[in-house]
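Below are two complexes that have subunit A in common, paired first with subunit B and then with subunit C.
This part shows the complex of A and B:
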C-alpha cells in the first residue's frame, strides 16, 4: 500500500541553527507514528515543513502521492494539522470555530452541519457546542483544537504535542480520541516528549534529537536495537534448581540467576518466555508467589541513543 | 474569492462581537462632531456659511460705498450676517461683547487718500473667540483693498497718459469703481464651496476615525499570527493571498458601513447636508479604499499588533491635523493649506465640498486622486503584508 506520507531528507536552518538535519519519515495509511523527542529536538519544525507551513531548505514531502510545498492546495486538504498552541477563535462558539475551518477545507451545506455534530460528539463538546470558546477550560479548548484538525476527515492527522499543559482527565480523553481515530483508519503523526503517550498510541516511533531521527521502529524493535532486555522476577517457595537449566535453554533467554527464593530471567521478549518459565518452575516442585516483569521503555532507549533523558 | 469572503465574514462576526468597532466607527465620530458643531458652530449658521460681521464706513467716497454695497449683497445672499455701525467705538464694543465676530473699518478719507497714493488702511477688529470669522473678515478686507489698488492703478494710468483731465478725477474714480465692483460675492466663491459646519465636522471626524477602522485588517492578521490561528489558516488548502484579501475586505466593508451610517445619521440628527447621494457614495467609497490602502501600507511595517496600532494612530492623527479634521485648514494659507493635499482627508473634504455645492463633476479629480492613493499605497501595503503569511 502506498504511504500516505513520505518525507525525505528534510532540512531547515534558522540563521546559525540547523534545526532539522535530514529527517526521513514514512507513514502508511491507518498507521500511528510517534515522533518522540525533547523540546527543541526539531519536531515542530519538521511537521511545519510536512504540513506546508514552512519553506524547507532541503528534502521533499509527498502526501498521498502529491508534492507538498507552502503553496500546494491538494496535499493540504489531505492533512489535518493540530498545532501545539491552542489555535481557536475564543470569541466564536465551538460550533462556529468548526464550521469556519470546515468551510476553508471545502465542507459545505448539510455536510457542514452533520460533520459539526459528529466532531462535537467525538471531542465531547456537544453540550457546549454553542458556548464561546473563551468560556472553556484548557482541556476543552485542547479538544476543540483537535476537533478543528479532524473536521474535514483528513487522511493524515498531525498532532503536535496535543497534551502539553493538560490535566490528567483531559489528557486521557485526548489520548482516547486519538486511539478512536486510529481505530477508524486515520493515519496519525503524533509528536510528543511523553514516552508513555508514544508507547500507548504509536505503532511506530521515531526518536528525534538535535534535528535528526536517531532511530525508528516499533517499541520492541527500538528496545532490541539498543540491546535492552526484559527482566522477569519470579518469587518462589521451595527449590527450583531443577528448572534453571530448562529456563536457560528457552529461546530468547540470555541469562538466569537464582538466589534467596527469587529467580531473575533476562530475555528479549518477556511475554514469550513467561509461560514456559512458570511451567518449568512448577514442574520442578516450587510454588510461584509473585511475578514481576520490567520491560525496558523508550525512556531507556532515548537515554541510550542520545545520552540524555527525554525531559532534559 | 470564496475563502477570502469566508475569512471576511468570520472577521466581521468577531468585530460585531467586539463592540469597540461601533464606538470607533460610529459613536465617537458622531458624538465628537456633535460637540464640535456645538462649540464651533456659532461662527457659522446652521445651514449656510454665514458670518457675524460688522462694518463701519466713515469714508464718504466711492471706495467706502463700494465695500458697503458688496457687504450688503453678501448679507442678502446669506453668505454673512452684516451689522452696520455708525461709530468705531460702538463697533468695538459689540466685538468685545461677541455680538459680532469681527468688524471691518474703512476710515474717513480713505477714497481720497487712495486717489493721491497717501498712506491709509482698512482695519479689521476681531474677537479672539471668533478666529474663523476674523480670518474671513480679514480676507474680505484684503480683497477689497486689492480691488481699490487695481482701480487706482487704472485711473493713474489714464491720467498719466492724458486721457482724463485733472478736473474729472473724482468722477473717473467713481466710474471705475462702479464699472468693476471692488468686491462681490463672486470673490468668495471658494468659501461657498465649503460644507456647512455640521457636515464639515462629521465628514472630518468620520474619515479621521476611518483610519482606525481601516487598520483593523492588518492588525488582526498580526494578532492571528500571535494567537496561532494564522498558521491554521496557512495550513488550510487556500491561497495565502486569500488571507490578505479577506482581511482587507473586512476593513473595506466595516469602513463603508461606518461611513454610510454616519452620513445618514448625521443628516437626520445634525442636519448635515452631503449633496447628491450617488456622488457622496462614490466619494465615500474612494476615501475608504484610499484609507484602507494607507493603513495597509503603514501596518505592513509593523511586526506586532501593538506596533501596527501605534504607527497607524500616529498616521491617523497627523493626517487628521493636516487634512482639516480639527480645523478648517483649507481656509488658511501657505504650507498647511497645501499639505492637506498629501492626505486622503484633504481630498475627501475637498471632493465633498464640490459635491455639496452641486457640482459633482468637480469632485471627479478628488475621487481620482483618492483612488490613485488607494492603488499605490494598497499595492505597496499588500506586498509588505504578504510577508506575514510567508514563513
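This part shows the complex of A and C:
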C-alpha cells in the first residue's frame, strides 16, 4: 500500500540554528506514528513543514501522492493538523469554531451539521457546544483544538503534543479518541515527549533529538536496537531446577538465574517465551505464585541513544 | 465560498464585541455632527442684516430673529457684511436700501438685496427672508396703497387689512458670492464634509488591521494557511469583512447627514460608487498593515499617523486646488486624492458615475494592489518566520 505520508530529507534553519537536519518520515495508511523527543528537538518545525505551514530549506513532502508546498491546496485537504499552541477563536462558540474550519476544509451543508454533532460528542463538548470558547477551561480548549483537526475526517491526523497541560482525565479522553480514530483507519502522526503516550498509542516511534531522527521502529525494535532485554521474574513454590535447562534453550532467551523461590529470565521478547517458560516450570512440579515482566521502555532507549533523559 | 466564510466569521466576531457597537453606531455620530455643522455653518445659519438706519430694516432684522430659524447679525457696513458672506461666516445677508422707509410709505416698490453663498441653504434662506420682508412691509404698504387711492391716512391704517390682495409685490433680488476660490463651488459644505468622510472612512478601515493581527496572534491565520485555502482567499475574506464595516459606516454617515441636515450629496449612485471603491481601499490598506505589524498597538499608532498624514497629502485637510505642483504630483499616489476629486466632481459639478470612471478605476486599482501585496506578505510572514 502506498504511504500516506512520505517526507524525505527535511531541513530547516533559523539563523545559525539548524532546527531540523534531514528528517525522513514515512507513514502508512492507518498507521499511528509517534515522534518522541525533548523540548526543542525539532518536532513542531518538522510537522509544520509536513503540513505546508513552513517553507523548508530542503527535502520533499508527499502526501497521498501529491507534493506538499506552502501554496498547495489538495494535499492540505488530506491532512488535519492540530497545532501545539491552541488555535481557536475565543469569541466564537465551540460549534462555530468547528463549522468555520469545517467549511475551510470544504465540508458543506447537512454534512456540516452532522459532523459538528459527531465531533462535539467525540471531544466531549456536546453540553458546551454553544458556549464561547473563551469560557472554556484549558483542557476543553485543547479538546476543541483537536476537534477542529479531525472535523473533515483527514487521511492523516497530525497531533502536536495534544496532551500538554491537560488533567489526567482529559488526557485519557484524548488518548482514547486517538485510539478510536486510529481503529477507524485514520493515520496519525503524534508528537510527544511523554514516552508512555508513544508506547500506548503508536505502532511505530521515531526518536528525534537535535533535529535528527536517531532511531525508528516499533517499541520492540527500538529496544532491541539498543540491546535492552525483557526481564521475567517468576516466584514459585517447590523446586523447578528440572525446568532451567529447558527454559535456557528457548529461542530468544539469553540468561536464566534461579535463587530461593525466584527464577529470572532475560529474553528479547517476554511475551514469546512466557508460555513455554510457565509450562516448563509446572511440568517440573513447581507451583507458580506470581509473574512480573519488566520490558525496557523508550525512556531507556532514549537515554541510550542521546545520552540524556527525555525530560530534564 | 471560503472568502465569504472568512468574511462572515470576521463580521460575527466584530459584532460580538460590545465595544464595537460604539465603534459602528456612536463614533460616526461625531462625524455626522461635524459634517452637519459644516453644512450649515451652525445649526442655525447666521444671516447678516444691513439696516441702513431704516425702520423697515430694524423690523426686518427683528422679524428674522424672532422666527428662531436663523441667527441674525446686524452690520453697520455693507462691505463688511459682503466679505463675511464671502468668507463663509454668514450663510446669507440681507441689505435694506437707505430710502426704504420713504419708498414704502410712498407705496413704491422696494428692492431688498439678498446675498448668499451658492450652497444648498440659499433658496431656503431666501424664502425665510421673503416671508420676513412681507411681514414687516405689509402694513406700511397697505396704508400707502390706501392713501394713494385718496383715503385719509388714519382711516387707511384701520382699513389696511382689507386690501392685502392688491398690494404691489416686494422684490427680493438675489446675488451670489464666494466664487473667487473655486470654480463652480457650491458652498461651505462640499469643501470640508466629503473630505472628512474620506478621512474617517480610511481611519476606520485601518483599525481593521488589529483584527487580522489578532487572528495571527491566535494562531488561527496559520491554521487557515494549513487548510486548503489560498492566502489570497484568506486576505480577501478578512478584507471583505472590514470592507462591509467601512462601507456601512460611510453609508450611515451619508444617510444621517441627509436626514438630519439635508446635506446634498449630489448624484447618489455616483456617491455610492465612490463609497464602495474607497471602502475597498481602506480594507486593503488594513490588510497590508495587518501583515506588516506584529502587534496591534504598533498598528494602531501607525493607523492614526498614516490615516491623518495620507488624508493631508490627499487633499482632505487643504483642498487639492490649493496644492503646489509638486504636492499635486504627490497626491496622485494617494487614494484620498482620487476620492476627494471624485466627490468634488459629484458635488460641485453634478457629475454622475460616467464622469468619474477614472477616479473609480484608480481607487479599484489601489484596492486590488493593496490586497495583492497583503496576501503575498501574509504568506511570507507565516511560512518564512
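We adopt the following convention: the second predicted complex is superposed on the first by the 312 of 312 C-alpha atoms of A that agree within 3 Å, B and C clash if a C-alpha of one lies under 4 Å from a C-alpha of the other, contacts with A are read in each partner's own complex, and residues count from 1 in each chain.
Rule of thumb we're sticking to: contacts are C-beta pairs under 8 Å (C-beta built on N, C-alpha and C of every residue); 3 or more make two chains touch, one makes a residue touch a chain.
What you see is a predicted model; the values in this text were computed from it and never measured.
Assess the superposed three-chain arrangement around subunit A: do subunit B and subunit C clash, or do they fit?
clash
Which partner does A:76 contact after superposing on A: first (subunit B), second (subunit C), both, neither?
Both partners.
Of the two partner chains, subunit B (first) and subunit C (second), which one does A:54 touch, if any: first, second, both, or neither?
Both partners.
Going by the contact rule set out at the top, does A:92 touch subunit B (first), subunit C (second), both, or neither?
Both partners, subunit B and subunit C.
Both subunit B and subunit C touch subunit A; at which residues?
51-55, 70-71, 73-74, 76-77, 79, 81, 83, 85-89, 91-92, 96, 100-101, 103-106, 148
In the complex of these two chains, what residues of subunit B are touching subunit A?
3, 6-7, 10, 13-14, 17-18, 227-229, 231-240, 390-391
Write out the stretch or stretches of subunit C touching subunit A in their complex.
By the definition above, subunit C touches subunit A via 2, 5-6, 9, 12-13, 16-17, 218-220, 222-231, 379, 382-385.
Which positions of subunit A touch subunit B when the two form their complex?
48, 51-55, 70-71, 73-74, 76-77, 79, 81, 83, 85-89, 91-92, 96, 100-101, 103-106, 148
Hey, which residues of subunit A end up touching subunit C in the complex?
Residues in contact with subunit C: 14, 51-55, 70-71, 73-74, 76-77, 79, 81, 83, 85-92, 96, 100-101, 103-106, 148.
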